[in-house]
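Heads up, the next two complexes both have chain A, just with different partners, chain B and then chain C.
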Partner chain A sequence: MSAAVIARGTAASRIAAIAVAAIISLLALAPQFLSAGAVDRMTALFIYVILAAMWNALAGFGGLVSVGQQVFFGLGAYFTIRLANAGLNPFVSLFVSAVVVGAVSWPISLFMLRLKNGEFAIGMWVIAALTHLLVNLDRLVQGETGTSLISLNVYDASTRRLTIYWLALASMAALLAVLFGLLRGSTGAAIRAIRDNEDAAASVGVRVTGTKRLLFVLAAFGIGVAGALWLATAITFQPKTYFNVQWTAYMIFMVLVGGIGTFEGAILGALLFFLIETWFGGAGVWYLIGLGATALVFSLLLPRGLWGTLEERFGWRLLSVGYRVRLPGIAENPAGAIAAPAQSATSREKA
Partner chain B sequence: MNASPNGAILSAAGIHKRFGALVVLDDVDFAMGADEAVGIVGPNGAGKTTLLSVLSGAYPPSAGTIAFKGGDVTALPATQRCRLGLVRTHQVPKPFGGMTAFENVFVAASHGAGLGRDEAYEEALASLKLCGMLGVANRRAETLGLLDRKRLELARALAAKPTLLLLDEIGGGLTDGEAGELVETIRELRRRQIGIVWIEHIVHILLQVAERLICMDAGRIIADGDPQAVMADPQVIGAYLGGGPK
Partner chain C sequence: MMNQIVQGVLLGGYYALIACGLSFMFSVMRIINLAHGSLAVLSAFALWLLASRFHIPPFYGLAIVLALMAAIGWALQRFLLERSARGGALLPILTTFGLAIVIDNVLFEQFGADTRSLAPFIGRLSYDSWEWPGGLYVGKLAVIIFATAVVLLGGLQLFLTRTGLGRSIRATSEDPDTAGLVGVDARRANALAAAIAMVTVGLAGAFLGMRATFDPYAGATQLLFAFEAAVIGGAGSLWGTLIGGIVLALAQTLGAKIHPQGFLIGGHVAFLIVLFIRLYMSGLGLRGLLSLPTGKTP
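Moving on to the complex of A and B:
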């Protein structure tokens, strides 16, 4: 047998793992040094990261492009309202709600996963619109008048702000960890195989439908957490705000700009989106035009997104879920090929 | 219904496949032993690839039954048949384009063969090595040329640890040297007691491996037996040249 070794990480990725742990610890301490407004903004950032990571897992890794993920965002908020109204502690409600969202997504997956590509994408939008209408029928919600998570009012503003900040940070860290573990394992390889060719995946023993369902439900749960957390920061619940397709548009923007199909890309995209919103969010309609133009420029010039481009050009792999074969005595070039002629040609081109 | 003769690992009985009004397989009976190497030839449109797809579970037959290892697998999807050891390659390679060659093969080893992580690594590397693909193990499959894609098809199917391998035109477009390597690889599989069904247009390659030859035409098996005898069969010659005796 060859003495080839399978490498999962690089020196850079081990440093990255430590850096991620350090950043999360620092973020946990950060509220002591931040203004109330900044704490709220950071909470929003954590929610954006969750949204981007979940949409990226679904579309970038699993090939399940959906433009209806706002359905789970809205339901996350809606079930929180319902559970809190039934007397459950509002903070506990946030997470029980997300579990309910995951449970609801399972029967939805039974028929939605039969659809392919564009049909699935638009079908999810239809599901979102339909769910929006159903939620409007609930008397508690009072149609588009909406309602509030009033039971949060028993906590003073500062406690509330900090608790939600920490819950959002913890949720983000936990969901990223779960996602990374899943995508890095053999199930992750199956997920990517299904994305690339479903028939071929089935022909080599991958359980296609079950694997897609797992990913779909996990993404629904994660986006449910995000919706519930958003409600906790905003307090008010108006269905049209939460079931708005703009949420999925933001997810797509973050993932496309950051780098679809790379774990780092979604996080980077969320950070960029957050900065753009922070700096230009006040510019009204021009802000939206700017977002659209940015997305357009990226999809035309950098279709792999920022991280995807950097990864390809410099061989950067920080939170990589891939596998590298190391053969003894053969040096690897940055693009990851083992001294293959075609690749060295491209390297020359770039040099 | 169980038409499998004693000792047959794979048997198909009364297989029909229709796509709308088009009859692609018309009452095909086929059985083979675990240690056989069967070649399938026939003109384009004879139904060879469709037969392979029906045997592998890519789609169900319109009528008929398929048994593998003594059990009826007619209703089993491709995933399950692969896990039982019945694995195919695709005529037009279907690589997982965004994944490296190694990852392509690793998926088959961990899901198809059901191996744990380290064993799956070993199996994947061994399959790549056997097919001469170690040098491009880290290349994304979409960057590979046709020859390497065909090799990858074979390597990936092998990593699923088949007991019976269904090959669909993996020799097409090869130079003589490349074809020689391919024949060596297939012979190595024979030494490992892997049964082979191989569809191939390049008959002289096929005959270096096949101990039995089947010729299909218009959705039917028109000849089956010793390769030289089949090639000399007037019906077979007629099918290729047209207008022969029916």
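Moving on to the complex of A and C:
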């Protein structure tokens, strides 16, 4: 009798890894063939992927549903404005700003991570509302009138467009890689344990608060990058646009439709959101009603999202961050763990 | 100064009114309804529609709208919350957030971006006031709202402690399975609790429309007010909610006195301070907050 085999990837996941590298190289070359408008749209897509992946890191893996993530999006843009105004190169400001956002999120996490579920969700919204009001008080921003990232104007339009495109692509790839590495490493096991059962995870020695804090700060940093990049594409900064709860609504939509708690799901969700926005974004209010209704229906009928459902159905793994156990004599067990049958529905390897 | 304190306390009555439904639903079903504020605004729009289109004064219109809100509450629990609560504690947050987006944008689609008010339909009541000793003028409407809040909170308290239905709701909130064993229909108790909560939301929406203006996207602000008042007062405690509402309103009054844009800031800051104190008092406070993570959650 042979021993059980523990595998980290599948044949499909190895092909997927190569495909990811190929796709990113292709995307890096794409501006050669794309129109200016298409380059801008692709930049928006990269920002959406960042937003979805970061919200998913927090909610899907940390079990922390926040409706106030727009605070980091707005701060990412605001600090960029401030730093550029102080004379820093605007492109450098984008990333310094995100580091500042990450630093700011640390004290917030000390406080907010004590709250549970719904309290955390709305508590973050209060933080976002308060931050929005405080940013409005800044003379530079001039209340809701806002201001612009004027120092970006020294670059001509096409240099600016291409630089932002590559920065967005690089940020997306880097953030996804960091998240992937985190989930695949030893922290990843802790993260998935927390996602499945926080109390049980704590009882076997998982550092629940520390792990959640790591995810919280990472998500804040990533969303800060996204906000700063958005500012770079839009140039104008109006606090109302950046601190709008609709950003969180988009994140929730993308992650819920794609598949909460799955690495691939957030990316799929961002892609779908991008397509829906491209096709129906002109429909105005009905578009927003559709987004809200879709999120509502998914939360009721398909809470695991599209990817989660497909993965469960067919045992797909592309970007595998977990472990799977193959027991000799038993057909491959998609539950991936030696779990009691009654528990298999919840203890499935999802990431 | 005295005048501002009195006005602040009376405004607190409104906050208690909008918070009590949120706090009630949280204590019974452990669900924070993110569509809470949007539903209050929906009720205000319904009253506005009845008054402007069908010439039904808001106080009569309430009879229709509150019945409607009760039905909405029942349906909300039966068709949305019950189902999503089975998927864990996080799912209802997403479901009700989706609902809030739908309600806000449907209202926007129907009524446009204009701000409205019910004040034109309630005649002199919107500006009449009583003179109290000491030269204080207090708005009649503000007093009515405060009195309604007190009566409603007291009534809910009596209902929960003295009636069979109230006891079945409390039993369900403690432990639905055990309540089921002794013959309480947990589904019915929860649906009833949701219906009651929505009636209070409808009432709060009516007073929102009478004392101020509203627009389709006003729901988020009302949700934050409700949440802050409920948390300041201690979530799940009905009389605490009244105190919470008053503290919130006084903090906003103070904030407005310090800075012209300080009204909302004052409220949010008070909320965070109370939260901070509460965490501190619970023994996990400052030391717990700033020490290295121990791996345990509070």
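What we mean here is this: the second predicted complex is superposed on the first by the 327 of 351 C-alpha atoms of A that agree within 3 Å, B and C clash if a C-alpha of one lies under 4 Å from a C-alpha of the other, contacts with A are read in each partner's own complex, and residues count from 1 in each chain.
What we mean here is this: a contact is a pair of C-beta atoms (placed from the backbone, for glycine too) under 8 Å apart; a residue touches a chain by one contact, two chains touch by 3 or more.
Quantities reported herein were computed from a predicted structural model and do not represent experimental measurements.
Enquirer: Quick check on the superposed pair: does A:Arg41 touch chain B, chain C, both, or neither? Answer first, second, both or neither.
Expert: A:Arg41: touches no partner chain.
Enquirer: Does the superposition put A:Leu133 against chain B (first), chain C (second), both, or neither?
Expert: second
Enquirer: Now for A:Gly261: first (chain B), second (chain C), both, or neither, which partner does it touch?
Expert: First partner only, chain B.
Enquirer: For A:Ser186, is the partner it touches chain B (first), chain C (second), both, or none of the two (neither)?
Expert: So A:Ser186 only meets chain B here.
Enquirer: See if chain A has more residues touched by chain B or by chain C, and give me that chain.
Expert: Per-residue touch count on chain A favours C.
Enquirer: Go through the superposed model and pick first if A:Ala202 touches only chain B, second if only chain C, both, or neither.
Expert: The answer is both, since A:Ala202 touches chain B and chain C.
Enquirer: Under the contact definition given at the top, report the residues of chain A touching chain B in one complex and chain C in the other.
Expert: Residues 202, 205-208, which sit in both footprints.
Enquirer: Can you tell me which positions in chain C touch chain A when the two form their complex?
Expert: 26, 31-32, 34, 80, 83-84, 87, 89-95, 97-102, 105-106, 108-109, 220, 223-224, 227-228, 231, 235, 259, 261, 264-265, 268-269, 271-272, 275-276, 279, 284, 289-290, 292-298
Enquirer: Going by the contact rule set out above, which residues of chain A touch chain C in the complex?
Expert: Residues 59, 63, 65, 67, 110-111, 113-119, 121-123, 125-127, 129-130, 133-134, 136-137, 198, 202, 205-210, 213, 245, 249, 252, 256, 285-286, 288-289, 291-297, 299-300, 303.
Enquirer: If we count contacts the way the header does, which residues on chain B are in touch with chain A in the complex?
Expert: Where chain B meets chain A, its residues are 56, 58, 77-79, 82-83, 87-88, 90, 94-100, 102-104, 106-108, 110-114, 117, 120-122, 125-126, 129, 134-139, 141, 143, 145, 156-157, 159-160.
Enquirer: Quick one: which bits of chain A touch chain B in the complex? Just the residue numbers, please.
Expert: Where chain A meets chain B, its residues are 1-2, 4, 6, 186, 189-190, 192-193, 195-197, 199-208, 261, 322-325, 327, 332, 336-340, 342-343.
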